[in-house]
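Two complexes are shown next, each including subunit A; its partner changes from subunit B in the first to subunit C in the second.
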Partner chain A sequence: MKTTRPRRGLMALFLLLAMFAAACGDNNDNSTATGGGEEPAGGEAADAPDGDTIKVGILHSLSGTMSISEVAVHDAELLAIEEINEAGGVLGKQLEPVIEDGASDWPTFAEKAEKLLTVDDVAVVFGGWTSASRKAMLPVFEGLDGLLFYPVQYEGLEASPNIFYTGATTNQQIIPALDYMVEQGMTDVYLVGSDYVFPRTANKIIKAYAEEHGLNVLGEDYLPLGETATATVVSKVMDAQPDVVFNTLNGDTNVAFFKELAAKGNTPDQIQTISVSVAEEEVGGIGVDNIEGHLVAWDYFQTTDTPENEEFVAAFKAKYGEDRVTADPIEAAYVGVHLWAMAVEEAGTTDVDAVREAAKGLAFDAPEGPVTVSDWNQHISKTARIGVVNAEGLIDEVWNSGEPIEPDPCLEKYDWAVGLAQGECDAAKEAA
Partner chain B sequence: MTAPTTSSGDIDAGIPPESPAARDARWGRPRTPMSLLGPRGASPWVGRLVFVAAVVLLFAGPELIADPTRLRQWAEYLCYAMIAVGVDLAWGYGGMLVLGQGVFFGLGAYAMGMHLSLEQTGPGQLPQFMSLYSDYSELPLLWRPFEHLWFAAAAAVVVPVLVAAALGWLVFRRRIRGPYFAILTQATALVFWLLLVGQLQLTAGTNGLTNFSEIFGRSKYEPGTNEFLYYLAAGGLLVVVVLASQLVRSRYGRLLIATRDGEDRVRFLGYDPAVTKTVAFAVAAGMAGLAGALVAPIIGIVAPNQFAVLPSIIMIVWVAVGGRGTIIGALLGALAVSYLKTRVSETRPDDWQYFQGLLFVVVIAYVPGGLVGVARGSWLRGRRLLGSRGQRGDVSPPRPTRGTTEVTA
Partner chain C sequence: MEALLEQIFNGVSLGSILLIVALGLSFSFGQMGVINMAHGELIMIGAYTPYFLQSESGWFDGGAAGTAFVVALPLGFLAAGLVGVAMERTLLRRMVGRPLDTLLVTFGVSLILQQAARDTFGAPNVDVVSPTWLTGRWELLGVVMPHRRLFIIALVMLAVAALSAFLATRPEGRRMRAVMQNRDLAEVSGLSTRRVDRTTFFLGSALAGLAGVAVSLVGSVGSQVGTGYIVDAFLVVIVGGLGKLRGAIVGALALGLLNAFSEFWTSASIGKAVVFVAVIAFLQFRPNGLVSFRTRGLVA
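Up next is the complex of A and B:
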């Protein structure tokens, strides 16, 4: 045995130590502006709230499959925090973001949420994208009585007192889309979705609606998340020749699906599609040629014509670059931060109960138009919009609901939806 | 397993039925499980002391870590250490590169997760996800026995052991080994993940089982629960470590090492390597299953992503970083890597993964013996510098694991 090996090992070890010292040393210069500047929180929970800052958590996937969508949402939240800080902060204190990476892994979301609430003692967390990550965080926020602002449209059937939902619930996106289809005389529907909870639940609702309104569901197919082999499903769709495909696919699968559909010679005049998870960001990945003329359903487009939106888009592009686009979840995240700040100002404290109470009925002129926080389910009223993808990859509105729609997460106002919800909203109702 | 001999060549001829004298000549003084913890060549008392100190430290965790969240994280790391010890048994001592331990970890976690899901609902009621997303009107047959904690706990260990034993027996009897075995285990992890995601109505799909606010009759977020879970994990780890060190030291352990270093020779001597390897593989699976059962209440969610291909590879990394072929190394590797992952991802949320990747590359390339290898090297050199009178020309032959981190092993 020569002595070279241990020495080499030792050197490597030193190298490693130096590396981690560098990694951990970074937090000494505690810049409050953006990421990285975060307290190491040396294992003790008892960091007394700093005199002039309020800590807020930001928890999105900055790595892994979901980062492609979630990084932009995290950017929008930082933009809103910056705006609030420039305007003097909240209760006279600056907001200090504590950023964590959910890493596209649901257990990590739960763990980081717990860490933010206990170790960092943040006043609120803005976070999540997938329903799975929200479901993973929900017990943590309920158990520790924290506050989560969740910015993405979702499948409804939930109303936690510890979550504010600033994205659309089903009666603000999917049901208006179905109404629009009926109005346009599209009666034969084909359902295509990713195989997880959101598309499954959405399709359950669509089928109940179809039965009531005389739509024919010609077929229903699911692809695993991340699947890119879409030829079989597209062939089935082409054979069935529906008027419209109701598309609840998520992520990369959309790219393969629309490419395949275009490759098979389909145009929107033959088989139209209406998507609920394809926004401005995704259009770029799919390729404008493949999706131009197809429909999408949201509550906000980059082109939405309000003075607030003009400012928001300009500010977003100024901070992050001209090539960046805004989209519904990005806007909803931005709105969430502002709503929370307004509720805290109103309550005069960051205490969860007080903020929850103060948020009831809160109105805000958002980029998407006026929104109001519900007085019992912590969703917000939103104007539903249908748009068509144009040649520049942006979305032109072709229809909107005219006024904000009251959120109805458990679909209690619809006779045909009886039995879909199993009392998920009862607790929230009682509390109100 | 294709004879991953060291650079020094042929030290591994015909080990099994060795006389005690010959064995001592080759390996130095027989090592008790405790002395395995100490540096090689040290008095067995050093090992015993280290062991006792480690156990005291382990159970003093709640005294040392005041923050309940941090304590819960440490409980989680302890579970990972259990998996690592199992991986080390199979890979470090048995030469089987297991790239699919996530399967057994997942089986254990789902067994306990199903029980915890049922604990949240009243008797005879469906778990929340099932009433929302499935067509079941009553509890499916597969779920029913998991209403009982004893059944869930037993299944968490027994099912992985049986699955591994069946898989191992089929594979090893056909003399499938080396990279083929590694690829096969990895494929198993992929299949397992697809199955969990695809059976949405039974498993809740990608969402996984969640919302465990009641754990073994206590609230997850009441003070003391994290402490309770920590002690459970610490106890589990102690059992796993003692079992593994007994096994490694036993006659079976020597046979396992011999099989790793020269499977054909062992076969010529009349042993059946398939049995030897199957046992190690099954025991490793049982350890992963136990870890899964404990991690489910600790993390509070059981989701397919935790058991996919990538986490299974990280399990190998734990052992490689700590030091393959030493139980203490596997254990420390899992603790160190998990702790660093948490800490670095907190301080650098944007780019922590690069640091983690760099760590793995550096260790594999420059520190093949892992943390333990470095410690052992320094110990030996320290002794030499002090002019110590080593019992037998000092340097014992390196364990055949050194310098053989290639995939073929």
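Up next is the complex of A and C:
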């Protein structure tokens, strides 16, 4: 008995391992099934024979710390693709989304972007959220001459011919927010951000602005992405007693930061915050109680009052559920897909050079209002807005720029910003 | 002075979180020599428990989020403990004394559990509603002490007290200590080391579950919530010294305070680096940790 038992046990272990392996394998198959794009938007794409579809890539973090934000952006892109397919597709062909998960990991974004361009041979990729992921993908798209539509506000100082930027650049979000702070007399500022390229570059711009406009920067702190130990930074902020915290935190850290700020007894009339990466989608995760009354700066809110937005919000809720919200990057992603489809129709081909040429000056009535693609830097003109988080977790607009602001990614129109740009926009200018 | 007190509180508060996530590991890693990479996922199971009770079960509708949270404490403890026992029975008991094998196997288990969580609860992170009695704060000598933080400190103190009582007075606890100190001798003395291992691993896993319920108060909950804590947990156990409850307590407090103060005096990003440099330097002088213990530990 004694000698046979362990063997039987060993057999059982092998069996179990085999089962685990099989379960694991299944899991992987599942994730490639969704990840491999066999999940059609609306069901038509799968039925259509190969030659009648155009493959488009979707590359966002569906897992990890950024998934709190990026899953909804991916949803918006699928909604736009479905709308386009229902209206007859592009060039008479249905769009077939190929979905990949960037997993909140920047090298993975580069790797998956390369896979989408070389293995799946997609015509365009809609993807990215953090600037770190965009910077990781940029050499891939430039090297393989692909096309990326990037849907999130960012720090500017970039104008790649292979990227369309449908979110705000600094002069459409951060600078209007700073102008608003000056106008409201909020002069003592504390800078809190996540530790990567967007917050650091944004704060460099903010400090240059502060010097010119008499704002005092009382402190500057960066937390690693995904960090939840925010107590010390919140203590430093409370000790400094600024009028306003300029918040460039991304992802989950926002949750811990606002929870801690509220737990330490701060209310917006003591220390106000103005966030540039917290939208309707993130408010739910943070908890409305913790962030009600705080300010956010964007170009679009779910409450933005245009007929296009009414339709967009209704369509989004109809597809994904009444409890879902729309937000700036969600809208920008949706706009990006439509702009690309319009440019392809205009060009008559999905060829990257032709699409780039055709996109110049393209105008679209977006949910946020009219937008126009720049004729040289592949950003779009957008209306800047400041809003305050209300008790329902939505955002009420308190200020807007009145008209779409021309994108100025390298801040050439601002005297105080001289020296910030190191020629990042020169190539794009010359090409145009 | 006020700032100093404030940082002491922040440090103790961080230390309490470090301790609660490391407490379970000090059993499975410190006492059994299992390098449990799935410890973070046991924390995740605990963290999803209050979310499950509040949002998916439908048992606590109508503003009973606070009750759900209280129920989640024992339930998270049990749920993670049972998953731990399942792991121990099917896999780890075949690997006694082979720590490197346990590292690979538990890493695999951690990936499976993460994917399972994503399939069950979806990829986006979720928010656990804090009970209303935890949203307030006390102020003492100018230091703001959120109830939430005080609750975690109290919870970890209670857990430590219960554990030391268990180890000192209960027969099961004494057997655990015997096996930890000398496995062979315990076995020839007639103890069933397998049964003791099962208890030890249950306790280690269940404590991770309890930690999970606690950390759901601090941030948001997602499939990777545990991975953020696993490095800290190992750090505490190594700095504190293997196999000693006292070591884990001292280690967690020391790391918490060091973290809070270095972050306060420098910046958050430099503070992190300072802590790691300090730990590396410290281990040069005390490779066995703060509370050293004559044991064959990992190589037994």
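One rule holds for everything that comes next: the second predicted complex is superposed on the first by the 382 of 432 C-alpha atoms of A that agree within 3 Å, B and C clash if a C-alpha of one lies under 4 Å from a C-alpha of the other, contacts with A are read in each partner's own complex, and residues count from 1 in each chain.
Following the convention adopted for this analysis, a residue touches a chain if its C-beta (ideal position, glycine included) is under 8 Å from a C-beta of that chain, and two chains touch if they have at least 3 such contacts.
Predicted model only: the values in this text are computed from it and were never measured.
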- Message: Contacts for A:Gly88 in the overlay, against subunit B (first) and subunit C (second): which applies, first, second, both or neither?
- Response: neither
- More residues of subunit A in touch with subunit C or with subunit B? B
- Message: Going by the contact rule set out at the top, does A:Asp239 touch subunit B (first), subunit C (second), both, or neither?
- Response: second
- Message: Quick check for you: in the superposed arrangement, does A:Pro224 touch first (subunit B), second (subunit C), both or neither?
- Response: both
- Query: Given the touch rule stated above, what does A:Gly293 touch, subunit B (first), subunit C (second), both, or neither?
  - Reply: neither
- Regarding the shared-chain residue A:Pro107, is it in contact with subunit B (first), subunit C (second), both, or neither? first
- First, second, both or neither for A:Asp195, with subunit B first and subunit C second: both
- Task: Give one of first, second, both or neither to describe whether A:Ala256 is in contact with subunit B, with subunit C, with both, or with none.
- Result: second
- Query: A:Ser63 contacts which: subunit B (first), subunit C (second), both, neither?
  - Reply: both
- Footprint intersection on subunit A (subunit B / subunit C) at 9-10, 13, 16, 20, 23-24, 27, 62-63, 195, 224
- Along subunit B, where are the residues that touch subunit A in the complex? 8, 65-70, 72-73, 129, 131-133, 194, 197-198, 200, 204-208, 210-213, 219-221, 299-301, 303, 305-306, 340, 343-350, 352-353, 355, 358-359, 362-363, 365-367, 369, 373-374, 377-378, 380-381, 395, 398, 403
- Using the touch definition up top, name the residues of subunit A that touch subunit B in the complex. 1, 3, 5-13, 15-16, 19-20, 23-24, 26-27, 35-36, 38, 40-41, 43-45, 62-63, 99-101, 103-107, 110-111, 114-115, 118-119, 130-132, 135-136, 138-140, 142-144, 157, 195-197, 200-201, 224-225, 422, 424
- Can you check the complex and tell me which residues of subunit A touch subunit C? 9-10, 13, 16, 20, 23-24, 27, 31, 62-65, 67-68, 71-72, 195, 220-224, 226-229, 231-233, 235-236, 238-239, 252-253, 255-256, 259-260, 262-265, 284-287, 289
- Message: Considering only the defined contacts, which subunit C positions touch subunit A in the complex?
- Response: 3, 6-7, 10, 13-14, 17, 90-91, 94, 108, 111-112, 115, 118-119, 123-127, 129-130, 135, 137, 139, 144, 146-149, 215, 218-220, 222-224, 228, 259-260, 263-264, 267-269, 271-272
